[in-house]
Structures are given as structure tokens and as C-alpha cells.
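These notes open a run of structures that come right after.
The same subunit A turns up in both complexes below, where it pairs with subunit B and then with subunit C.
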Partner chain A sequence: MKHDRKEKNRRKSTILFLAAAVLILAAVTAAGIILEGTATETDFSRTNLAPGTGGLFGTDWMGRDMFARTLAGLSLSIRIGILTAAVSAVIALLAGTAAATLGRRADAVISWCIDLVMGIPHILLVMLISIACGRGFAGVVAGVALSHWPSLARVIRGEVIQLRQAPYILVAEKLGVSKFQNVRRHMIPHLLPQFLTGLILLFPHAILHEASVTFLGFGLSSEQPAIGVILSESMQYLTTGRWWLALFPGLALVLAVILFAVLGERLRQLMDPSSVHE
Partner chain B sequence: MRLEARDITFHYPGRKKKPVLKKFSIAIESGERVGLRAPSGRGKTTLCRLLAGYEKPQKGQVLLDGRPLAGYRGACPVQMVWQHPETVVDPLLRLKDTLAEAGEIELELTEKLHIEEGWLERFPTELSGGELQRFCLARALHSGTRFLLCDEISAMLDLVTQAQIWDLLLKESEKRDLGLLVVSHNEALMERVCTRVVDLPWDNS
Partner chain C sequence: MKHRLQFAGKKLIRMALLLLGVSIVTFLLMCASPLDPLQTNVGQVALGSMSPEQVARLEAYWGVDTPPVQRYLGWLGGVLHGDMGTSLLYRQPVLTVIGQRLANSVFLLLAVWVFSGILGLVLGVAAGAFRGKWPDRLIRGYCLLISSTPTFWLAILLLLIFSVWLGWFPIGLSVPAGVAADAVTFVDRIRHAVLPALTLSITGVANIALHTREKMIDVLESDYVLFARARGESETSVILRHGLRNVSLPAITLQFASVSEIIGGSVLVEQVFSYPGLGQVAVTAGLGSDLPLLLGITVITSAIVFAGNLIADLLYGAADPRIRRGAARE
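Then we have the complex of A and B:
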């Protein structure tokens, strides 16, 4: 009985953690949207203040509050992350199922595309697509969305191929279960955990790549309060001892990314068929 | 009714030079219980899969009453009971949901197979192989079934359960005039159950 109680607690604590993580991320996103005005407000009477006297995270060389800037940047990053991860996941779902169901030739073409995109370093591909799409918001979203689908597409392709030949699905067909019912009852419940986990594990990648491509100057324009912009600007002030300009935004970005990664991992444990009864 | 394989040749993809079956013909009449005998790896299961319509022969036809098997819509009159029951039930569904897919199963049948009511609330992993096999048998014996292909269905069961299952199958097949194809390595069982025994030819060339 003792064993039983422990397992129940793990499930509960996981759900609790998931709720808390979602809440935090949602709060950061909302706060960032609200603080967007404050983040761009300049106050030249309060420039270059260290954390403490100049607010929680200090102020920068134009007197902007770094706390508001960080939150706004993080919020923008999270929104871009969610958008690009969603687009990427949809592309992966379509490409994966198409490869598995449309015959050998389609499979060869899609698999070749997967290998091609996987073969180019992510950051390079994101930069190229972003430049081709005219940089800015649209460029970053297109770049990240079009470069992150292959690994998930590969997983889905394999899963669908396996499911199509699964004896229990063949038998159900033989017993007169319709194609649609088969997909709904037997395929989606097996595919959904993989898909959702893949989707959430795409977030941290998307956020990081958005920030790094912006940092390198190929992404969002410099007037937007993005983490990448903040970091690249504060680089020039690091040597003059203004460490808070880079430290807090960087830490915030790392924390958000870790939160998303752990969220995906916990969710996988919760939904994976092999550990669903734990 | 008559289930018939006419001159079928079958090879798995990429192994064209070594067909599993070559111009093989077999016919099963309703009420007949045909035994199928061959050493391991000679295509007994493959023949079952072909007759049940899970695979398509490269040459030849599988006919049910003279009509190709693929032409039958809905629940197929030819059902196969697999050697490994744990592969043919969805691991994420409770057994009652899986059973519901086969349409109405007579209560009498599940009772005769000693399937307990409580099992149906469980997941497949929570049942033993023998229990699952009886469950699969009940599912395959839905009201529309005319032919039953039994691929080593009792190899992993204890003797008492084996006896129960075959006793029930004999009675059911007589009552409903089913045609049976019995694949087994057990000579004594074949002798007891089957009306005739067929050997799979082996072409080693």
C-alpha cells in the first residue's frame, strides 16, 4: 500500500508542477504585454543606475527600467516561441503523416527534405530564411518555424508507419471498424502524447534560436524590446562595469527555457504509454 | 459456403526469389475442420494471413463463395485468431471497448469461455496470455463469422484451458456450421479435432 501512495503522489506533484509552470509563463507573457509601454520609456535623470537604487534590475544608458525591458523581451520571446513551435509542429504532423501514408515516392521526397533541413546548422538556416523574408518579426517567425520541424516529423512518420501495421489495428479493420473510427480510437491516442511532448519541447529551441538570431542582428529590429536586442546592446557596456544590463535578461531567458524544457519532460512522463500507469 | 485459395503465389517484399507459397491451392467447406501441418517457417501463418485477407497474394486469388474476399464490406466473415493475443488488442483501451468493436457478443459465449465480467474493465496488460486468448476468441466468434482460422491458438495455454477451448470450438462449429482451419504442431490435437489434415508443400529449389 505504501508503494501505491508514493506513485499517486508523483502524478499529483507532476500535475501541480505543470500548472505552476504554465501559470508562471502565462504571467510573464501577460506582464510583458502590459509593461511594453514602460519598457520603452526613457528617463535621462535616472541613467545607468545599478540594481537596488534604480529598480529591481537597474536602468540602462537611456534610463529605461531593465525589469520592464526584460519582462517585455521575455514576453515577446515566449509569444514568438509559441507561434513558431505551433507552426513547426503542424508542418511536422502533416509531413510525417504524408510520408507514412502517401506511398514510397512521397516518403522518399519528404525524408530527403528532412535530411536536408537537419543537415544544415539550425542557426545558419534561421539566419538565411530570416534575411530572405526581410528580417523583423515575420523573418524570425518564418526562419524558426521552417527549420524546427524535421525531428518531430521523423518521430511522427515512424510512429504512423508502426501504427499502420499494428496487428490490433488490422484486426479492428477486419472486424468492420471504419477507417475514421480506427484513426480516432486507435491512432490518435497513441500519437497524441508524442506530438504534444514534441510540440512543447520545441518551445525552448524556438525561443533560444529567436534570441540568438536577433542577438546576431539578423532577427528582430533594434527598437523592439527583445532579449536578443537587449543582450547585444549591453555587450558594449559590459567592459565598463554595467554587469546588470546583460546578467538579468540572460538569466531570465535561461530560466524560461529551462522551465519549458522541464515542462515538456514532465508532460512526456505523464502521457507516455510506457509510464502512464506510474 | 466455401473458402478457397486458388493457385496463390506469395512472397514478402524484396524476397521475390524465395516465395513462401508457390501455386498453392486449398479449399475449406462450411462445417469442415481442416488441419494444417508443416515445420516452422514454412508459411502456415502466412497462409492464414492470406486467407483472412491481411496480405494479398501476388498471383492467384482468395475466394469466398466464388467472390474475392476483398469485396466483402463491414465485418469480415473470415476471422483469424492470432498466435500472440497481446499484439491484437489496443494496449490503451479497456477490453470492453475493444470487445464493443466486434459488435454484439453473445453472453453465453463469454460465459462458456470463462471470461469473467471484471476482466472487461481492465487493460490488456492486466490479463494473462491465456485469458487474453480466450477474449480474442470470443471476439473472433462474432455472429457474422463463417470461417475461423486458428493459428496455434492453444500453444501457450495449460491443458485444462486447451481442452475447454477446443471443446467449445467443436461445439460452436457444429452449431453454427463454421469452417475451421487449425494450425498446430500437436499431432494428437489435430487427430482429435480435424476432419482432414493438409501438409504444406516445401519447395526448396
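Then we have the complex of A and C:
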């Protein structure tokens, strides 16, 4: 087959992209933590400045630098996103494997729970869980973490059911390997790639829902520099023409989410045997 | 036919059980909340200046001292008689509040549902048919961008562009200032619904288009399409006769599954545009710890979602004879 040497192969370019994306996201997270002090600094001599004269992203009505606030908010969002996506994915893994291996009754119960959680409109469920935990940081984390597992759990359940009929698993069973050993030594290594990509593809949802719920007033409190808080405050200043309060923080959030989404998609293509040679 | 009825009956029982589960979960979550409804609605200062009797009466009104199980059973008994209790914030029966708001939202939601479904299907089929070429790249890029965009930010952007800069649409309030609520004309209502509907449609398309594209690619790689091409059928005929037909099945499921997403999006969008629909009242009820109202909203929206799934299941059988026979054999 003719092969163009100049063209890098997909695996290499994906790994490069992966490294770059992780680096950017890590840099944003770190910068946000460092800038958290600057983000809350008020300076009433320079309020409501448009971008340009008032720094990169302008300043708000309290003279806070919007660039610092955006970075701090983004950093907080990314940290919450990682935490909640990880918790969600672990719940999904446990629920999915349990449904597929612990017999019909467990399967019925877990499938019922999945249907239940998927039946309540997502944002309402996050709101409800957040209220149950008293809103604030704990509310938002619990709400997002406890509501994102069903779809991934369903995927894992299907995969494990298929896997159980695989010859090598059947052989292991016949050889007297215990159920637990079988799950740990044969199933989890097979599931890991799918699980990891599912985990990364959960980030965008988690971050978006965190911002949405905070925007509605059920999440982080207004002192925290969260993107949802910034945007909900900016709503009051829209009619007076202060567009930069809403535009840049939102844009930054979109970019971060896209980065995560593309990262997950690339990883999925690379790990999925059916598309790895595309 | 008998089997079909049995199938539908089983699904209905499952749906009723799920709704019961939804109400219990919602109730438990609201009860577990450490937020004191008196503190949030009456305020610390006002509470401090009240006599103990007044506080006790308020506590009885908000149901603070009644045990949860008793409250839930009381609520459930009421629901079976068609009474969902009284909203604590609006001081009206929950069903009246929800009915009013739902009437406002239904128009918006239906328009979005139909529009995003059709556009999503068309875009998905187009992307699948042009796989790897520029229309596909364009549509996929659009879907990626939109699914990474928070709905409420998009709403803010549209508000900024069309209402503040261009002044084409009103900024909020579905009742214009200085006009009585019942004097609002139909045209006014539509003018206020355009931007929310546009926002929800823009976001609703992405998911449907991406899934339809996947299905379309699967279909176009199947043996029967290969055979059709070998017979010399034109590409348009292949797409219309084989692609669209086979994609229409998953499209039905997607269309009905998107109900949940649209309702969720409407919560955010109605908040931004201060559109007096069900979503806005859900946020108000949540912030004010209005248990009966929030419980009612959750149960009714979940019922809509489950009904959507049920219709999809039934339509699936109606559209595909193989599934019909499979369901009958079970």
C-alpha cells in the first residue's frame, strides 16, 4: 500500500493532541487556583471597563478583573467536573457490572433504577439532589455526580452481558474461577478502555450541568468565582450594553468543554477496534 | 392484537411503578434537605420578630413538624383522588399552577420538538450520506460546538444580539408592560416565544443529528445497500429508499427520547427569557422549597417523558414488522 511518510499516523497525532489538551487544561486549572485571590479583588477606580482598556476581558461593576474571574471560574468548573465525572463513572461501572453478573433480580432492580433516573428531566434531578444536600458546593457535586451514571451504566451492562458469553470467560468458569475473580481478572481489563473513554466523555456533561445549576441558583454560592455565577450576574447588565461580562466567560467555558469532548472522541476512536485503522 | 395489548399493558404497569418511584425519590430528597423553608421564605429577621405562636402556625403551614411518612401517604392519597395538594408559594392548587404554566410551555415545547426532530433527521441523513466530505465535517463541527455550549449561555447570546443590539424581540416578560395579562394578543405571545424556541431548537438538533448520522453510516455499509448499488440504483434512490426507511426507526426513538432533554433545556431557557412556563415555575419552587409544587412538577414532567418512551416503544412495533413479531413471541 502506498504510504505518505509526511502524514503522521493517527495514533501519534492523537497522542500529541492528548498531551497538548491535558497540558492546556492543567495550565488553566493551575492558573485559576493561583488567580483566585486576584479574582475577588475589587478596585472601584476601574469599574465597568470594556475589554482593551480594562484588561483582556474587561472589568465588572466592582472593578474585578474579568480575565482572572473567568480563569478562576473555569478552574473551579474543571475540578468539579473531574471529581463528579469520576464518581459518576465509578457508580456506572459498579451498577453496570452488578446488573450483568448478579442474576436476574439484581438486573431488574438496577435497570429499574436506571429508567427512574433517566425519566426525571436531568436538570430537575440535579436541582432536587442539590436541594437535598443544602445547595452550595456539596449540593452541586452530589447532584452532578449522582445523576450522570445511568447511560454509561447501560453501556457497561450490555458489554458485560456480551462478555459473559465469550469463550474465554466460559472456559475460566469451567475451570472453577470464582465469580469475583472472573470479574476482576477477565472482565475489568476488557472493559477498561470503554470505561475510560466513557469517563472522559462524561466531563463535558458534568461541567455543563454544574454551570447550569449554578446559574439557576442551586449551586455554588455567589461569592465563589464560578462561571455559572458570573453569567447569572451578567444577566442584570445585559441591557446596559456590557456584553463582555457574558461573552468571554461563556466562550472560555465552551472552549474548555470542546477540548474535553474532542479528547474523549479521539480516545474513543483510537481504542475502538472498529475505527482504529481508519 | 392480543399480544400487542399485553405488551402495552405491561409497559403501562411498569410506567406506573416508575412514577411511584419518582414521587418517592423526589419526596425523600426534599425531606432530606437541610434548608429550612421558613428561613428561606420568611427570612431570619422576620422570624426573630415573630411570636412563638406565629412561628408555630407557619411551621404547621409549611408542614415542618409532620412526620415525612405521614405527609407522603397523605399526598399519595390525595393524588389518587386527583388532588396534588396546594402550592405553598402560590397559594393555589398545584394542578392549577401547573396547568396554567404548562399551557404556556406546551406551545413552545411542541414547536421545538417538531422542528428540531425534522431538522436533526435531515442533517443526520445528509451527514451520513456525505460521510467524510465537507457537508459531513460542517454538520459534525456544528454538533460538537452546540453540544459543548451551555444552553443558557446561548440564550444570553441570542438575547444580547436580537433583543439588545437589534431590538427585534422583547427582552423578557411575556406580558408587555402596561398591558393586562388577559389582554395579551396572540402575536405578542408568539413574539416572546421566538427566541426561546430558537435557542432550544439550535441545541436540540445536535444530538438527533449525530445519532442519525451513525445509523445512516451503518445502513449505507450494509449488504443490501451494496446489492442495491450493484443493481445500479442511483445514490439518491439508495438514500431515499434504503437509508431513510431504515433510519426512520431509530429516529422515532430518538425523537421521543428527546422530550426529556427539551423539558430540561426549557428550564434554563425560560429562566433567561423570563418566559412564564413550567421550567420557570420549577426553579421558583426549588428556590423557595415549595415541596408540593416541585413534587407535582417532577411527577408530571416524568409522566410526559415516560409516556414519550411508551409511544416510541409502541410505534417501533407498528413501524417494523420484525419487532412486532418479536414482541408477540415473548
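Just so it is clear, the second predicted complex is superposed on the first by the 250 of 278 C-alpha atoms of A that agree within 3 Å, B and C clash if a C-alpha of one lies under 4 Å from a C-alpha of the other, contacts with A are read in each partner's own complex, and residues count from 1 in each chain.
As a convention for this text, a contact is a pair of C-beta atoms (placed from the backbone, for glycine too) under 8 Å apart; a residue touches a chain by one contact, two chains touch by 3 or more.
Treat the numbers as computed from the prediction; the structure is a model and nothing was measured.
Q: Of the two partners subunit B and subunit C, indicate the one touching more residues belonging to subunit A.
A: Partner with more touched residues of subunit A: C.
Q: Who does A:Trp112 touch here: subunit B (first), subunit C (second), both, or neither?
A: A:Trp112 sits against subunit C, while subunit B stays out of touch.
Q: With both complexes superposed on chain A, which partner does A:Leu175 reach: first (subunit B), second (subunit C), both or neither?
A: So A:Leu175 only meets subunit B here.
Q: Regarding the shared-chain residue A:Arg185, is it in contact with subunit B (first), subunit C (second), both, or neither?
A: first
Q: For A:Phe218 in the superposed arrangement: first (subunit B), second (subunit C), both or neither?
A: Second partner only, subunit C.
Q: Which holds for A:Pro204: it touches subunit B only (first), subunit C only (second), both, or neither?
A: Touch status of A:Pro204: second partner only.
Q: Looking at A:Pro121, would you say it contacts subunit B, subunit C, both, or neither? Reply first, second, both or neither.
A: second
Q: Indicate the residue numbers of subunit A shared between its subunit B interface and its subunit C interface, in ascending order.
A: Shared contact residues on subunit A: none.
Q: Looking at the complex, which residues from subunit A come into contact with subunit B?
A: Going by the criterion above, the answer is residues 166-172, 174-177, 185-186, 189-190, 273.
Q: With touch defined as at the start, can you tell me which subunit A residues reach subunit C in the complex?
A: Touching subunit C from subunit A are residues 112, 115-116, 118-124, 127-129, 131-135, 204, 208, 211-212, 215-218, 231, 234-235, 238-239, 241, 243, 246-247, 250, 253-254, 257-258, 261-262.
Q: For subunit C, which residues are in contact with subunit A within the complex?
A: Listed in rising order, the residues are 14, 17-18, 21-22, 25-26, 28-30, 32-35, 144-145, 147-153, 156-157, 159-160, 164, 171, 260-261, 263-265, 267-268, 271-272, 282-283, 286-287, 289, 294, 297-298, 301-302, 305-306, 309.
Q: Per the contact definition, I'd like the list of subunit B residues that touch subunit A in the complex.
A: Touch list, subunit B to subunit A: 52-54, 74-76, 79-80, 82, 87-93, 97-98, 101-103, 139, 142.
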